[in-house]
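Here's a structure for you.
In this document, chain identifiers A, B, C and D correspond to the written order of the chains, with residue numbering beginning at 1 in each.
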Amino acid sequence: MAGNSFGTLFKLSTFGESHGEALGGVIDGCPAGISIDLNAIQFEMDRRKPGQSAIVTQRKEPDEVRFLSGIFEGKTTGVPIGFIIENTNQKSHDYSHIKDSYRPSHADYVYEKKYGHRDYRGGGRSSARETASRVVAGAIAKQFLKDISFQAYVSAVGPIEVKTPYQDLDFSEIEKNAVRCPDPKKAAEMEAYIKDIRKEGDTVGGVVTCVIQNVPIGLGEPAFDKLHAELGKAMLSINAVKGFEYGSGFAGARMKGSQHNDLYNPDGSTQTNHSGGIQGGISNGMDIYFTVAFKPVATIMQSQPTIDKDGNIVEMHGKGRHDPCVVPRAVPIVEAMAALVIADYLLIQKAYK
Amino acid sequence: MAGNSFGTLFKLSTFGESHGEALGGVIDGCPAGISIDLNAIQFEMDRRKPGQSAIVTQRKEPDEVRFLSGIFEGKTTGVPIGFIIENTNQKSHDYSHIKDSYRPSHADYVYEKKYGHRDYRGGGRSSARETASRVVAGAIAKQFLKDISFQAYVSAVGPIEVKTPYQDLDFSEIEKNAVRCPDPKKAAEMEAYIKDIRKEGDTVGGVVTCVIQNVPIGLGEPAFDKLHAELGKAMLSINAVKGFEYGSGFAGARMKGSQHNDLYNPDGSTQTNHSGGIQGGISNGMDIYFTVAFKPVATIMQSQPTIDKDGNIVEMHGKGRHDPCVVPRAVPIVEAMAALVIADYLLIQKAYK
Amino acid sequence: MAGNSFGTLFKLSTFGESHGEALGGVIDGCPAGISIDLNAIQFEMDRRKPGQSAIVTQRKEPDEVRFLSGIFEGKTTGVPIGFIIENTNQKSHDYSHIKDSYRPSHADYVYEKKYGHRDYRGGGRSSARETASRVVAGAIAKQFLKDISFQAYVSAVGPIEVKTPYQDLDFSEIEKNAVRCPDPKKAAEMEAYIKDIRKEGDTVGGVVTCVIQNVPIGLGEPAFDKLHAELGKAMLSINAVKGFEYGSGFAGARMKGSQHNDLYNPDGSTQTNHSGGIQGGISNGMDIYFTVAFKPVATIMQSQPTIDKDGNIVEMHGKGRHDPCVVPRAVPIVEAMAALVIADYLLIQKAYK
Amino acid sequence: MAGNSFGTLFKLSTFGESHGEALGGVIDGCPAGISIDLNAIQFEMDRRKPGQSAIVTQRKEPDEVRFLSGIFEGKTTGVPIGFIIENTNQKSHDYSHIKDSYRPSHADYVYEKKYGHRDYRGGGRSSARETASRVVAGAIAKQFLKDISFQAYVSAVGPIEVKTPYQDLDFSEIEKNAVRCPDPKKAAEMEAYIKDIRKEGDTVGGVVTCVIQNVPIGLGEPAFDKLHAELGKAMLSINAVKGFEYGSGFAGARMKGSQHNDLYNPDGSTQTNHSGGIQGGISNGMDIYFTVAFKPVATIMQSQPTIDKDGNIVEMHGKGRHDPCVVPRAVPIVEAMAALVIADYLLIQKAYK
């Protein structure tokens, strides 16, 4: 337990806080003989890191990964892969003001109640900085799963939504704009909106959609470790996530069976895919697609009344560097978590085959 | 792994198929000294069981639980609680027609691909009958957590939705109608709608909302075992679930931080509760509330073209006894899974306090 | 946690006390398609059960297993296998005298301190009766691992030891005597000794040796889940076990490296096998052999002074039916646990290959 | 799984090879608010490290720990503690000769068969260097368990044994000699013997005894996670361990119940302690004591014939720096693993109380 490991056979254990010395982790169970492309890993890190564009937090971190074990002559050896990412740009003085008060809708209050002694700087372990370790591991998982594709994108920022089904979107557009939205017109709208939000000193939520293609049939372990249940847990564990749906999702709740059922083609594929590639909790070979809802980040630059340790009302003015909208940086995190789940479940399926 | 256990310190392991001899399970980790009210357990079973009303499947099962260990002189002894529920009303001949074909949107196809040798009768292990074991364990968990209340209800059937926030609903109405909707007017609409759906030989989806009150502060283990992530996995593991959201959910993605943040009262409670009682993955003492989306059950009484083992197109006509809408029976299952999560996480928090 | 599950991919969860209604368990993760020979399972149960000969406890239990799920048309379906074994011959009145006192060297005292409310009859969950469930699961594991042989035997009863190396013993002799010792002369000595011990109302300890042959290379997961470490945990979890050693064992501690090293043959096999078939925690294809030490059972028919709940000294006179020496019945339990470990680790190795 | 994590609530995950960049680990679940004395940790590291005396390997490593997270203002914060130990004194050229051959009784052969691609230098992950991470975590566990004492010592080197029971030994002598034996006369014998063994280019095995005092009653989770079973697994996972026994151990197998039973004193303590402080798998408050047998390290400086990748017989001459006898350095590792087990089981017991 203890909450900081994810996976059974392909397992990631992480550590690290926003203002500590370094973040890092251990990947245990990556099979041996996988060629590791370090540039591809750094590419994923760069997609996640702060300071990457005008619409995210301006904290500058190189987020360079240092691998300490488990890779020899460019290939995995099957033993644990340890890695660290040094924190270089903490501005801890920015946080002295919250030492004794609790920022609204942050984890400060609950961490105090749960742990007693907490590192208040930058949110400590509750900070999204912790997700850097997940992206490293997800990048390794992607290289293990080289035939499976993981593509996430921003499908909504506040009220601005991409209504086009993913099959009709051009994924090559995703990395061409700062928002990571494959619809260039919507992307421009979203970017402008986020800049306005930033000027107001406010934040806004959004939605990330993810598509996994070329998944083998048979991944998933009913009754409790259904594939979509594990994907849901993985996504809900990402900071600021409020909801998860896959396939037809909440819309499916309004449909009739005669409309919702996916009929078979002779080769076992289905004509429609409301199932989202998973039936009975097991992958059926069709595309897996799901969406993840992110609330607006709680740190806003506007004043908010809050309380201190003794229950006094105090004025909290946001300081530090923050994201007006977290979803562009969440895209590689969603892909990383999806890759970790698929890697783990693929190994489990190999065991039982 | 292997998928049939749920929980770490309060752990349930289940077995049993729709047309096997019996279902059952083992509850490991229920603390000693808890008084067990067997009638209360049977009450939960009766809320879940088939044949309970005109709007659910007409399979008649008494669903009586037989406890085999772990309870002595009316109290738990801290050792594993084994239990079984005999199947009495299987009509296996109803399923001979699907021995070699795959019902659309069921798990037949993926089970064949994953396991090879499968029990095709009634869906085997993929059948929702498996949830009977969960309700037994959830009922025990509820008795362990006697000060915490778990209340779920149907908040949507197809297009018919309850828009009233839960705080303004009368929970005493829930068990007074077959749908388990606390708004009597909506309940009547839903019941009529489901009967029409049944006449059409079709099925429809729905939504269940759940409220957990009086949760202690501090439950949840970041970064990966956040309380809402575990609740999400628990709910997504229930048959037919397509989505999960908590607190502001998907609506929160459209909000700004200035609107979404929950400001503190001097005593640590919050003025609003978009957080849904969980911040940073840890309970903060406020009500936990979430919604679960259910797709329409895949077994419909209308004819559907499908394929057989050899890829031939065959006509599938639904036989057997089925639910036109599963959400009334899902209400106790949602509560049961919520109780299992809270019991587990409460024990974990006790360890670390 | 909660202590009543064993294994990760091939997992057994058990329940049941000595004087409860029934024992049982769930085997989760046995691959699909394995033919199950129920007679072979009953054979293993009969090797373990009480009342089987004059040198064990005279409690008569048929120990018949009833399978409730997971086996269809004689083969496993890959879903959990639930089973129960009804208790028929509890003589609970035999235990009324220990309701408020603690039998020396039994678990009564610690169970009271740990759990508060305990089932005192027959030792409750602490009774070796619980091992019946392990033998069922081990029998299934053996059928899954049909090419691997598991052979255990009694190599010592009290001071009477078999000094012959296992390679020079005739395993076909093991089931021909009540002691399960492959040396007929020693077996006769042991049987006579046990009968004397019984007349004295006393008990005696013993040693079981186990040989596993034809294990594939590569089973074991360093650094913490080394194969011999898991075997050790498995054996130490059996009632009354005080020690475990494998390969050269404690004797190896007295040897020099030049004597102890196993030199290679060109085909990778080794000329000697002090390693006991496991190097660096991973199987190397040679025979795995280990020994397990059992203390004398704590229940003796002689009077012993002990204490009651209030710390008063009371006289305890052993009643009920007990084993003078447990090792003949422990032989199938040792094999069962070994099979569970090998099954689990074989699946894990399959995943990573 | 994947083998590189130990524990459930107090969990250690490690990484690192003999000739990699660094070793390290993550401790997840150490409760918050524990004061951390870094000097005490370095002291334990110094007890384990190579180059500490004339009777161990001459590889010089400072083995300095760098903590990266989870400790703030000198106290734990309840979030994961990440740490690394840089390797500084690898002499990788010493190992070029074994790139394609397998050292007898080492893990080279099985690692090749299991993983394919392996880091051959210095044994890679199979090297005892990996235990440095365990000592760090064990040192933290000891500080958490400040009222419980863990004392291990060398009780045998080759044929030289300490026959005095631990209660009659002076533990203050342990750190006063290089062997870590509390009997100064035996220690001198052992030291001389080891030096002779070194001159011969050979190695020898030994035995470590460990005593844990002041353990609370109630630790241990039957039926499978009995306290002594977990201790056994912990010890058997240490490199070169061939056997584990606790309390009366293998000697208990020769005893009668009337001799072996520990009778109670009115206060619940026992007059004798053959049980070794654990009954029914649960601690009873008496001293826990156990012994661990270590085989002679496989790397000897004498020539040995062995095979290469292609099955050819080649001459292997030991190079590099090695331990003639590993047990003096194993003493802190045994204590560390014992502390990890007790910490984990103490948290589990807290949960259920």
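One rule holds for everything that comes next: a residue touches a chain if its C-beta (ideal position, glycine included) is under 8 Å from a C-beta of that chain, and two chains touch if they have at least 3 such contacts.
Because the structure is predicted, anything quoted here is derived from the model rather than measured.
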When B-D and A-D are ranked by contacting C-beta pairs, first comes A-D
Report the chain whose mean Cα position is at the greatest distance from that of subunit D.
-> B
Rounded Å distance between subunit A and subunit D, as computed from the means of their C-alpha atoms = 38
Determine the centre-to-centre distance between subunit B and subunit D, using the mean Cα coordinates as centres, and give it in whole Å.
-> 46
Multi-chain touching residues of subunit C, meaning two or more other chains, are 1-5, 8-9, 14, 29, 32, 78-79, 114, 125, 222, 348, 352
Spell out the residues on subunit A that touch subunit B in their complex, using ranges where they run on.
-> 1-6, 8-9, 14, 102, 104-107, 109-111, 113-114, 125-126, 130, 156, 158-159, 197, 200, 202-207, 217-218, 220-226, 228-230, 232-234, 236-237, 242-250, 252-268, 270, 274-276, 279-284, 293-300, 302, 304-307, 311-313, 348-349, 352
Under the touch definition given earlier, write down the residues of subunit A that touch subunit D in their complex.
-> 1-5, 8-11, 13-17, 20-26, 28-29, 32-33, 66-70, 72-73, 75-82, 84, 114-119, 124-125
Note which residues of subunit D are touching subunit B in the complex, please.
-> 1, 8-9, 29, 31-32, 78-79, 222, 347-348, 350-353
